[in-house]
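Chains: A, B, C and D, in written order; residue numbering restarts at 1 for each.
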């Protein structure tokens, strides 16, 4: 199997979180082909624990789009409603511990560059879906995961392999739902990773630091419309509440305990200049070095939204649309990964062992669960020099890194399950 | 010609301001048929003086939609880009003064009711364009105008008749552009009117009071996007500026000189929770009893937007998307209109002669111009009991009023041009 | 008794609301001298119903100041704590109805002009209390009241006279407390008045319109101090709450039912640049044409303060420090007063009978009570051309107006009690 | 000379920044007695570079208070207007480098505890000035400085000694003015220090880290008063501008480059509930790890104040009332100080050599100037266990530390000037 071609195929059909129907369908088919037991659909994701799921209308539309573009309709009928995580499980010939690898599979709502200096465009595998793009390297992650699946398909190891193809990492929305389904409870060793970040091709880090706790929220303000000329006093102005909340959220104090962040990134409301707006919504995020401080920030945001609404006699709702916690890597795995990487051609530099995290990651919930249950986990950084930053229309990965990563993960698995 | 049928045809094909291609095409055809000279397209509207014109994309799309639905493509090729006002001119057999009547022709972005207690639905002339509706009676206005055109087509009068079918009255956007083209400069007598308001069927007012001066503005805030986690300080937060403006605009003081209104009816900005938003826009309106106080309000809004933007190192733009001024009716015409109405079967009640205005009206610019040039003008209220208020999904007019109005206007024209 | 000298004496010793100890002492002494029964101290004011009473410390200090400056210590010992209203009652020789006149007696915290073109300065009766001044004519009101007391002291009338010398009209704080003590319950005819406003010397109005309902509030925000550098997050920032409230109070919508006003006139909080402020307070007022709309405004202000505080985890308190309601004059008394004024030398012009009110007045509560009980009341405007507006350091009244007013009120009383 | 008694005398007569007339007078007298050349008054402080100087009235009042309490009127006549820094200079017997020590001398506007568990109260040297207190240990600093002056008065060293007794360290207001007078330009070695912080008795640090750059500002908003009922629109509301600035200052974004702080600690404006407030002022501070980021914050605050004022058509002024920059200690001096401390009985522990700074310090300007000119400098932390934190009514220092500090500084001076 040519994992470069595989990556290019996924790149051409990018699908955003919870709509990865075609992507997941292909993954299921290949995992079955390689002999894995495959868990997917509602068996892989807890309904209530998913965050920021698109509307039913969007899910339906994307579902049919996927079928049109080659998804296996029998398989994805199990994924209807946005259950697009796939987990492949393979028992080795002998008993032993369980090792898991995690690969995130979703794309971004970004319009891909069509200029000829953009490698995918020049090589004719640019996104076929205008406005959607694999601009964070998850297409490469999937290819690595499937390449690893093939390598390990011989079953010549002692223990069990779990390959987790996670839906909806962007916006940190999907992982917690997999954790809540119990799929990490039996994992002894968990390896997560990312391509790129600021790590150049050839460099490898066995662990990572500086992942922040984060919460993404949507605040809804419900007022009463009225004519702004005829009876302004009988309206209840949703945007007055939302604007008050916005200013006050940004004014949440700095914390002496360390770095924090707050942002109201989106605010939308109202229908016309002459109508008191009856509805507004905002998207907010908080970040902090620790889970506790982030919870304090989240509590303050909730309170500000609630009181800003009440101040203008509005109703309100707050929805969590994404969340992650910090990551603490187990030193044992960090070192083991570096040792193995030193054996793989293509890795030539190893930093200080811990790469700098890339903001926030919901693999953090998987790592936390494994560690709570007594297992060990790490989050590795695999270098890939980038022509443009993550989430940029010209983002691209160096494809020669993909087989190195497969080789590395294969070595790690064999060593642990030896 | 059956003006009830005519009205129902216009009701089925509602077109919002500056996109009334099919409507205007029909009007042109009928006016030509009745022997009028017809002015339309760029001859009828000054380009720069139009306000709140839709984007080129929207204009283009609606243009083609209109052709598909029967607009005369030769005629509307002159209207491309949103020049959808039509003026019919007929010289009488003998010389004399010029009298003008004004009819507004646009519809609203409202989803029409499909319940069977809604007369147009029950009688199968509900809107064919989902989300667009004649919910302010302008379909009736057009029908009256064309009925009048037919009546006067004999030319048996001394002077000149001008029938002005104005585009884009909703949002008070189109009239000023017609005025600036000079089309009101030779008018000696101008009669404007509206159906409905709170005036019941059978009641007539020869004039109106309480039209407010108003300005509708769109404020644009241009910032700099940045990652809210990685470098919040390098962004320039467009929504911070917009929210600050919103609160401060609403806090503009009350005026001791009389009634004022301010409203930020729409605010939209940002793309994602984790991005410092680089763009936001708002829609604002001001209203006041006098033109001068409204200008003061407009100046304060402009200043607040400018400084709120500068405070956050944002660029900004302010666009006027609509405007109107108060209306002062000439008593001579008010009385003349009542006298004639008393001769028309169907009008049975005449209030105090001056109906209460309906918010703001850009016919005000036409009236002002006529009066500045030494002419006289009035704004009449023609009763029509309503099942639901203006701009409501179940709004409807009493069709029996239409022929009465035609008869009345015919009488007025004949008397003045006798 | 020379009422001009009397007025000048009161002018020299101005005392602000609830501290009119010397003033009230003089009034009591004179009323007793004229043979009146005198009600004062806690008998004249209900404790709980007083609003905006100064602190105990201030009351104590002013009390001793008054004794030093000639107040009768036995009399004012009954007024300790700010019970400085005085009511004189005289039964006529024969039975009959009860007529009351109301005179307000307090001064303002204004620094009186010491320029020689200021009449009191030039004539050596300028304020002896730096920073306090009779800048609203109440010194004249007292003199009129005492002049009237002397005139009526013969008791040659049928019925009862009540002369109410009210404390603390400025800030509309004192009247309600007198009403709640029941002192208006037996009044059949109530005459209130004001000197000046915009009415020139010689002009008289038997009634008034346009007094607004108003509420004056003090909002207190209680937070937690902390060091702004070391632990900003452990403070609770009282000024954040107060500033949020201020903006949102000013943004309370205009009312379609008529004129409204809101103002945050004072905001104070915090101790140092580097401390999260633990306390802030604001003074707010609302006004409206009707009592009901003013209550709606008051409710909105309360809600905004409460939620702004809660938003920042502050405690809060709201105190009513003043209030008044609209005034509706009984036409019968308006006309009677004009008829009598026409008999008094000095009054030469009578407007339309109803003078324009001067903002807000807590005599409104007295008028309301009298009318509720079936009596009649009016609020008269007695012209006095002014060198400078009310509340200005150079405000002064025309002293020749005082005897005319005494004569007028004497005539009114005699006529009603004939 | 008994430096414990000396410290207690200064403790009894605490004087806040720029009013240390009595304190400075005593210092001048003793330095002269010890044979030093003494620079003080306008020779020691540049007029324009002082920040946050009290008003002329306050300076005048404190000046006379000091004379009454024993200040030498001839000496302090040179200090009139708040020039209360004193510099003692002593040339050694032989030529050599110049060493300077800096002692800050001002007290705080804090009401000292009068409870008997407060050592100064129990020992009868509590503050004689109600509301003013040496609550930061500067009384001890002065005593150490004078003890050192006595020790070094023999002149048995090679080089020059400068003892700088700095006015107005609280609020970081006085040091820059001394620097601008050129008094640090010839200093080769500068030793600054503080007692207490979180360092226990017996512990010593030769240097310090984590002093923040800071700016303290006062913002003034000038509007136009008007009657809130009669003509709200003709006022210009100073508090609207100030409240808008307050919210937006607190919403200045966090910086990815490291710790920042912003605080509006004081806001005051307005005179009465019914007047549009014509004036408001605020006190703001910014802090940052680096001078550059602090300048960015200061620029943002200035911009927000300016635009918030302009938004409401207010004039504004911004005054810098205090400022400091970070401190970088020269390792050579850090180590030298520790070496000597190890020789002094009383110091038993030496941390890691660098104590944690205490917020912000304007000795930073002196250190910067010395280093710019090629000299070396450090800021030492001298342990003193505290019964209550700095700036607390029960703050106190351990007096046994004072002679140890004198001994240490004497050793340092002798070693450098050997």
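Just so we're on the same page, contacts are C-beta pairs under 8 Å (C-beta built on N, C-alpha and C of every residue); 3 or more make two chains touch, one makes a residue touch a chain.
On a predicted model such as this, the values are computed, not experimentally measured, just so you know.
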Centroid comparison with subunit D (C-alpha atoms), farthest chain: B
Chain pair showing more contacts of the two, B-C and C-D: C-D
Geometric centre distance via CA averages, subunit D-subunit B, whole Å: 68
Approximate Å spacing (C-alpha centroids) for the pair subunit C, subunit D: 50
Whole-Å gap separating subunit B and subunit C, where each centre is the average of the chain's CA atoms: 51
Multi-chain contact sites of subunit A, meaning residues that touch two or more partners: 230, 232, 237, 240, 244, 247-248, 250-251, 253-254, 261, 276
Residues of subunit A that touch subunit C when the two form their complex: 230-235, 237, 240, 244, 247-248, 251, 253-257, 276, 296, 303-304, 307-308, 310-313
Contact footprint of subunit A on subunit D as seen in their complex: 247-248, 250-251, 253-254, 259-262
Touching residues (chain side subunit D, partner subunit C) in the complex: 171, 212, 214, 216-217, 227-230, 232, 237, 239-240, 242-244, 246-247, 250, 261, 263-277, 280, 283-285, 287, 321-322, 359-360
